[in-house]
Amino acid sequence: MSAMRYTYLGPEGTFTEAALRTLPEAATRELVPMVSVPAALDAVRNGDAAAALVPIENSVEGGVTATLDELAAGSPLMIYREVLLPIAFALLARPGTKLSDVKTVTGHPVAQPQVRKWLRANLPDALWESAASNADGARLVQEGKYDAAFAGEFAASTYGLEPLVTDIHDAENAETRFVLVGRPARPAAPTGADRTSVVIWLGDDRPGALLELLQEFAVRGVNLMLIQSRPTGAGIGNYCFAVDAEGHISERRVGEALMGLKRICPKVRFLGSYPRAGVAVEDVPGPRPGTSDREFTEASDWLTRCQDGRA
Amino acid sequence: MSAMRYTYLGPEGTFTEAALRTLPEAATRELVPMVSVPAALDAVRNGDAAAALVPIENSVEGGVTATLDELAAGSPLMIYREVLLPIAFALLARPGTKLSDVKTVTGHPVAQPQVRKWLRANLPDALWESAASNADGARLVQEGKYDAAFAGEFAASTYGLEPLVTDIHDAENAETRFVLVGRPARPAAPTGADRTSVVIWLGDDRPGALLELLQEFAVRGVNLMLIQSRPTGAGIGNYCFAVDAEGHISERRVGEALMGLKRICPKVRFLGSYPRAGVAVEDVPGPRPGTSDREFTEASDWLTRCQDGRA
Amino acid sequence: MSAMRYTYLGPEGTFTEAALRTLPEAATRELVPMVSVPAALDAVRNGDAAAALVPIENSVEGGVTATLDELAAGSPLMIYREVLLPIAFALLARPGTKLSDVKTVTGHPVAQPQVRKWLRANLPDALWESAASNADGARLVQEGKYDAAFAGEFAASTYGLEPLVTDIHDAENAETRFVLVGRPARPAAPTGADRTSVVIWLGDDRPGALLELLQEFAVRGVNLMLIQSRPTGAGIGNYCFAVDAEGHISERRVGEALMGLKRICPKVRFLGSYPRAGVAVEDVPGPRPGTSDREFTEASDWLTRCQDGRA
Amino acid sequence: MSAMRYTYLGPEGTFTEAALRTLPEAATRELVPMVSVPAALDAVRNGDAAAALVPIENSVEGGVTATLDELAAGSPLMIYREVLLPIAFALLARPGTKLSDVKTVTGHPVAQPQVRKWLRANLPDALWESAASNADGARLVQEGKYDAAFAGEFAASTYGLEPLVTDIHDAENAETRFVLVGRPARPAAPTGADRTSVVIWLGDDRPGALLELLQEFAVRGVNLMLIQSRPTGAGIGNYCFAVDAEGHISERRVGEALMGLKRICPKVRFLGSYPRAGVAVEDVPGPRPGTSDREFTEASDWLTRCQDGRA
């Protein structure tokens, strides 16, 4: 039944699957790998799946453009959860292979810049060829096409391989952020550590439009966590912006900023308010003075009194 | 009966009285001159009068500090009307006096800079001495103490004088703005050409506080017509600001800007929303795109749909 | 000889004279009281005096408009020094007068709001009449016209009076700032605790012009100490702004902000950079990170390297 | 000789080669295809080539991250030219093939979203498989592995193919911007239609840092043409920004903005000022009032006069 089905960016054995399995509910869902982000999301759009888990931001590669563009276009979808996964590769090989035996390596093209230094230091003579995904690379090693593949350690058993080396990552703190996407519905209640995602189109690409956009947030004390430009397709220099803000749409400062954007921008798409992963509520600084819900309410009461002649 | 009594900055024969008499309702009120702005306003505060007309801004002298300070302090009052009066002086003398007879002239100290050039050109040898008010100067001429007084032409008959010269004003476009002040009540409905007056205290006089104040207006597309600093009494360099904005408190962009100020400033005093004098509704540019009431309502509806999962 | 002559806002015995006498050089100058601020400044303009001391800002009354307007118009003058004087009044009477004998009091109109509470508490039945200056009030007491005058304690001996009560001031921290004004010349070297004064005309009174003005300062980290609107004489709603900024024109952040103003405003008048009174250099916070002269120089060197292909 | 050698993102027959061949000087250079953007740029860095042509921005896919990241890191390089190339694909097949024969198609993954609609409408049953580049796809068609390849029409002859269909592009105005990159040297003289590229690191990712960055440009009237965030590698949420501004580093408003960034940001990398492609000088709006070089010079002269007491 589709309500029990979650799609994800496959194939099996990818980091996306590993991220999905960190969600408690994953244990009771049918998890279906899809060949691409659009395919994973389209399954949600057309009702074949209740939700899809896809990567959206990577500390090494930046925003995942396929995901950003899919969320910005087509029929609306909404983000309900995020998952942060540290990205550490294992070098997987067929049982019995020694590191010194490895002459050819493979992996997803995105993996290459994340293991380049390690390769130079440990396998300077190994030849790299790209695979369609890390999991696909593992499969090709299983089939004997390459000696070893960079993939998540969790992929080893799926493909009958063994990790030669684990915890490989050139960059400190390498991690990927994944989002669980469903059809639009009422967002979950605020937790105190939330993130709100929107896509914003600027008008006539006039100078200063981006500055005005940022001021709508700044004047209400709403901090931004991500701002990623994406082409609108209308020619070089025409961009929309994927923006993540701290806070929840039900908080007054966030809601007022979103309404401000809605008024001055030709198009705003709300992508959801959802709990931040990896951040404890007590570590989130409170709203800037003057921007708490209580202060919004007090100011609103005061305005009413002014309008009634009772201020 | 106090409900039928209007006070004004006297004495009789001042420009303030002339301004008051331009209001249709003045014909049916008891008009009482007071010795000072504080006295005129205190009569309203303590219920002896329904309203007071006082000068608030002069194109030559700037903000009338006595009025600004009185409105900022003490028990709250509200502005309901404004009157613009061109300021042109007449030189008043006893019947029979010729211009060449005039050796001494008088008038309110504020009048002097407004007739200085005229005096230099027409009566270079005349001696000026200040009077407590223009009307008082006329009285002193009546009593024979001076040869002529600068005052409003309308003051001539009150003091048995005749205008030797009329329409004297060094500056083009010299005019004074007066306000009709009453006890707080619901403001009149918006006319489409309104002005909203507030007094705003900045917090800890930190740098940038004034900039933030202006941005609360700017981000909602609310234009300012007046910004006048006044000392708070807490020492050199401590100021509050009397600010006049275009629009009416019942308009969404104005209301939201006022609430923004209320949240970030330690104190805001609403002084009223009232029709602008001398401006036809059709000459007022409409609100900046994105800031009309309709756009506020649409954005609010959109936000609700987002929160309900129906965007 | 005019080079040895300083004028000041008289008459003798005013606070302005007291402020002037705090300057060490005053001991060797001829100090000439003038009847008005314009008269004091005109003596400098026409070469009759080397400098003039005039009040410019009062913690109770705000900017001294006569001074601000005189500095903004006419042939250019420059401020070289400032003096801060605590304003405390003495009640002066003829020898032998007791407080209980005082039925009539006088003083400058500006003094009245500063002693009103004291009067109400200590001489509730005394009648106030205004004098042309505090010193003039003292003279009228000497002549027997009034029982007592509010003036600076230093005025007592000049008029053969005795202080009945001293240190009278309704407001805490009441003080007046005076400036020593001369003909334009090279400003004194920066001390580390300086103030720069300018008058700025906004263009076509378009909305947002004041905001842009403030941003020219803000973006270079220059704090403002005073911003006072003054009418330009071109009709209600047309203002220029007297602005005091922290720092010295020879500091790069101040110079660049002034040039920015010069470019975007139709008119800017530089009124001087001079040492701040009452502030120790060690109590002045250093420039905001990124705005010190060293950082300006480094950025300029970097730009040159970029232009030379050596960055 | 390396001074005569230009590298480009290969292989032969790519759009990059076509772009490179639009440069007049290409006729007299040795043009060397490289397997990747890093390889093309490293050849410049280590002196094997004088310059490299690489894609940097695509109206469908956005910023080319490999290029942006390479320019931001490693030893400095500089951009000297840009080339705009309309992106229109031809469907290339072996001579004799008819459109109805085409069952399998290939091309670079980036090409797929740009021909997807065309495929759906014209070859709804054809199977797509990705190739390493468009040119590589053409080679695979030559070898008989696929029936047809999407590539530039100019690639046909290189691989002995014929265009079945030309001018295929789902999006209107699809184009790619390429840049010619060399080792740092003095930028070419301004032409009146120039672009300046920088990479900017924000400090402590504090809220508002991006807003401050944009204000450094805005306050000097410098318009932005591109702003693209790229991860710094220091973890999710840490970004630097690739920014393109209108104008030339030798123009005062641009230079001052760059210096402002240099002062407030921990790191700024200048990537060059170079002529804009596809824009006639006469179609470039002049600088905003107050930001022309002449106005900068006048303001600077005025500041000097102020400092000398001659203003």
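The chains carry the letters A, B, C and D, assigned in the order they are written, with residues numbered from 1 in each.
Basically, a residue touches a chain if its C-beta (ideal position, glycine included) is under 8 Å from a C-beta of that chain, and two chains touch if they have at least 3 such contacts.
Each chain and its UniProt protein: A, B, C, D = Prephenate dehydratase.
Note that the structure is a prediction, hence the values are computed from the model and not measured.
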Legend entry - Where subunit B and subunit C overlap in contact partners, by chain label: none
Inset, instruction - Using mean C-alpha positions as chain centres, tell me how far subunit A is from subunit D in Å, no decimals. - result: 26
Inset, instruction - Let me have the rounded angstrom distance from the C-alpha centre of subunit A over to the C-alpha centre of subunit B, please. - result: 57
Legend entry - Centroid spacing, where centroids are CA-atom means, of subunit A and subunit C in whole angstrom: 59
Legend entry - For subunit C, residues that touch 2 or more chains besides their own: 215
Legend entry - All touching chain pairs, where touch follows the definition stated at the start: A-B, A-D, B-C, C-D
Legend entry - Touching residues on subunit B, where the partner in the complex is subunit A: 76, 78, 184-187, 212, 215-216, 219-220, 249-250, 255-256, 258-260, 262-264, 268-270, 289-291, 295-296, 298-300, 302-303, 306-311
Inset, instruction - Going by the contact rule at the top, pick out the subunit D residues touching subunit A in the complex. - result: 57-63, 65, 84, 171-177, 207-208, 210-211, 214-215, 218, 223-231, 233-239
